[in-house]
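Next come the structures, one after another.
Consider the two complexes below, in which chain A is the common component and chain B and chain C are the respective partners.
For the complex of A and B:
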């Protein structure tokens, strides 16, 4: 875990951020901040998950919203059927979405590049139609969820607790993504991204690595969606499968920089922060437009993202 | 029995319209290898223009579509300029180009919502609401007029591609860029022309869409599946293959919504697309 000074710094920062978040729930009483931060963290978790496949491995997933919604609906179903506690629900969502990720991974056997991307979009829409026609979880009309009346531990409200849960999940995902980026596995994924045929010839087990990558991506997206039904207390297919979720998941890593684990984190803070500022100062509707414009501007003008720009700048100074 | 016959007729009429939506994508995606996922978004813009002009001035929507298509042509050529400068020249078209069009699609959809809201819009024309009865089968003119216009447009594009010099150059640029260059044609200008043409068709397709039924900004998303399913199933860029695939999809969709319910219809196109991609990516008529 602590192989270098960078590792120590990383873990100290991670723990510090978690404690700061935890402490804030006792000090700050205005729930608006936690609602806003929850949204940014959820988007960050999705972006980090997307980047494991999209950035590290080079396979674009347009169906992020499908994974997110499947995680959310797994929770809706299990909560209604069995009434499990939240940690178990999150694990279940991770398992179900990990399985879907595994299935999508097998698609990558036959489909490369553009075709894979379109297939993921198709998967999401087929899933949406299935959920829309599934009466038990509310169908097209949606379902209400009641958050538990008593709040566990010492949290003052359920939103505060969900915020801390999401913070922990997101930091965990960042740690996984950072570990993956530097590991032998990550180098194998990078080889697939650069040239899959050459990687295969050089003895990289491409299928196994791709399956690990898609499964991990799916599971993390499921985890991101799991607390969502409790957070909003009303869920319907239109909001869970929202295109906005998919656009954010692509835009944040692309803006931050896809090759580095820090990219989606920076992208999420920048894009999420801008959205929040626009929502407060201008109008909520415009915050959605901002992401699209930022995405198009960044990929046309700075295709390597902010991390790429920073690396270029540092190299020039040397 | 009459339900069956009606479903087939409605399917064929719809299928011809799907071909009109997909013909532009067959050029951009099938021939030029540009994954214009924003194609259906342009179709929706076409619908909105038809609605605005029709509701203000009362001009027939099909005519509006035809008049607007040169504007769309210019817009398409400009979009290709940006795409070329940012991605194609540097050789990053696949991943970044895809995300670029995804962003463009999102911007178009959100802008329409911001300006016009999420209400369904429709157009008025004398033939909407009328229908012809032929024995068991009722043919609503609301479907027949788009069928005729779509067939004319798709046929026109097909003739243009196979008979004229520029049309053949568009087909050639996909096959062998260098050879085309040696023939004295500039591949970039040919592609720009082709992309403009493809976007030009969306103005008319959009006008037909809003004749068939009311339109709101997110309707475009369902058409991503339909258009891509038709192009992939038709064998990537083959216009006759695409027309057959479109008719097939129209009939299957019409059967599903008649016998299983309309809420299942969106899954048909995407299901067909997934199956085709997984089982036979070269499509029904592609060179395997």
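For the complex of A and C:
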């Protein structure tokens, strides 16, 4: 685990962030902060997941909201049918969405570039239609979920606990993404992104690697959606399959930088933070505008994102 | 005569109604230098796409090192020891020159490479090809001739038994052609069999021990370079009646 000094720094920061988050729930009593941070963390987890396929492997996914919602609805279904505890629900959402990711991975056999992107969008629309017509999980009217009355451990509220859970999940995803970025597997994915045919001729089993990438992406997005029903306590297809979820998942890595694991993390903090500030200080509707403007600015002025800008700056100083 | 490395038997490939290759036989011995020539559209590139696995042939079989590889995907053929370079260079553009070589070393040649030695071995290959100074350069920034060298270096990093060089010299100046030729001769001395596809006759004639001529998807001639030059069929294919 600790192969270099950078590894040590990374894990120390990771643990410190987690402990700080955990400590804050005991010190800070205003629940608003945790609600806001939960939203940013959820978006960060989605962005990190999107980036594994979109950034590392070069396959753009427009259907992120579909994976997110499938994770949420897996939890709605299993909670109603079996009443499983939260950790098991999260694992189940990861499995179901990982499976969907695997299926989408097979699409990459025949579809590349923009056609693959359209297929992922179509997948999300098909899923939304199915869920809208599925009475058991509330159908188009939506479903209420009652958070357990008893809050486990010493948390003062259920939202506080969900915040800590989401923090742990997101940090876990960041660790996976970072490991992947620097591994043999990650270099294979980068080769696929640069030139799939040449990668195959260099001995890279492209199909297998793409399937690993899509499955991992799907599973992490499912994990991001799993605690959502408990967080909002009311879920309907319109909110779960919200286009905004998918837009954020693409915009954050694009703004932060897609080639590096840190890109989606920085993008999520910047975009998510700005959105939250604008929502509170100006108007909630404008938070959507924020992503749009930032995205246009970065794509035209800094297509490699913030990490790309930083790397260019560092290289020039050398 | 050394052992047979590659054998292509009665290979046919059609694209819709167009027959790109028809019943072509081809073999390469271990360590041999084979030239594959023919006018434009004669099926040379289709042939090497079938050998490397980018395309599957409709009929016929391909055997490599005693194994039937007719239905193997390209990455498994690369692992067995078939490497190719592309006519138009296709570097991994987000990577440096050195990182480009890590991919075949870590994947195609994985079972033949010690993990700790990957960077050293990549440097050794770059030294042999003459790209050592550019190891850290972004691969997208190379000049044409260096791109061609990178193609060969990356193919070589897969530690192949057979290298298929697809027009590695097209569009290069005369001195650059000599440079690439030297590299290919050196590789061959190291025991790698080479199939050279090339339009530059001077290079093919000098390089090849044996030449196969394709025309309109059929093999029309095979033999020593000098004999092929004098062949009436070959003359007709290139110059017309």
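Keep in mind that, in the parts below, the second predicted complex is superposed on the first by the 318 of 318 C-alpha atoms of A that agree within 3 Å, B and C clash if a C-alpha of one lies under 4 Å from a C-alpha of the other, contacts with A are read in each partner's own complex, and residues count from 1 in each chain.
The rule is short, and it goes like this: contacts are C-beta pairs under 8 Å (C-beta built on N, C-alpha and C of every residue); 3 or more make two chains touch, one makes a residue touch a chain.
For clarity, every value in this text was computed on a predicted model and none was experimentally measured.
J.: With both complexes superposed on chain A, which partner does A:37 reach: first (chain B), second (chain C), both or neither?
T.: So A:37 meets neither chain B nor chain C here.
J.: Between chain C and chain B, which one touches more residues of chain A when both complexes sit on the common chain A?
T.: In the superposed model, B touches more residues of chain A.
J.: In the superposed arrangement, does A:133 touch chain B (first), chain C (second), both or neither?
T.: A:133 sits against chain B, while chain C stays out of touch.
J.: Touch test for A:60: chain B only (first), chain C only (second), both, or neither?
T.: A:60: touches chain B, not chain C.
J.: Using the touch definition from the top, say if A:114 reaches chain B (first), chain C (second), both or neither.
T.: A:114: touches chain B, not chain C.
J.: After lining up the shared chain so the two structures overlap, which partner does A:286 touch, if you call chain B first and chain C second: first, second, both or neither?
T.: After superposition on chain A, A:286 lies in contact with chain B alone.
J.: For A:205, is the partner it touches chain B (first), chain C (second), both, or none of the two (neither)?
T.: In the superposition, A:205 contacts chain C only.
J.: Which holds for A:188: it touches chain B only (first), chain C only (second), both, or neither?
T.: second
J.: Spell out the residues on chain A that touch chain B in their complex, using ranges where they run on.
T.: 58, 60, 62, 107, 110-111, 113-115, 117-119, 121-123, 125-126, 128-130, 132-133, 140, 243, 247, 250-251, 254, 285-286, 288-289, 291-293, 295-296, 299-301, 303
J.: In the complex, go through chain C and note every residue touching chain A.
T.: Against chain A, chain C makes touches at 52-54, 73-76, 78-79, 83-84, 86, 90-95, 99, 102-104, 106-110, 154, 157-158.
J.: Which residues of chain A touch chain C once you look at their complex with the stated criterion?
T.: 184, 187-188, 190-191, 193-195, 197-207, 259
J.: Using the touch rule from the top, collect the residues of chain B that touch chain A in their complex.
T.: 35, 37, 82, 86-87, 90, 92, 94-96, 98-100, 102-104, 106-107, 109-111, 113-114, 218, 221-222, 224-225, 228, 232, 261, 263-264, 266-267, 270-271, 273-274, 277-278, 281
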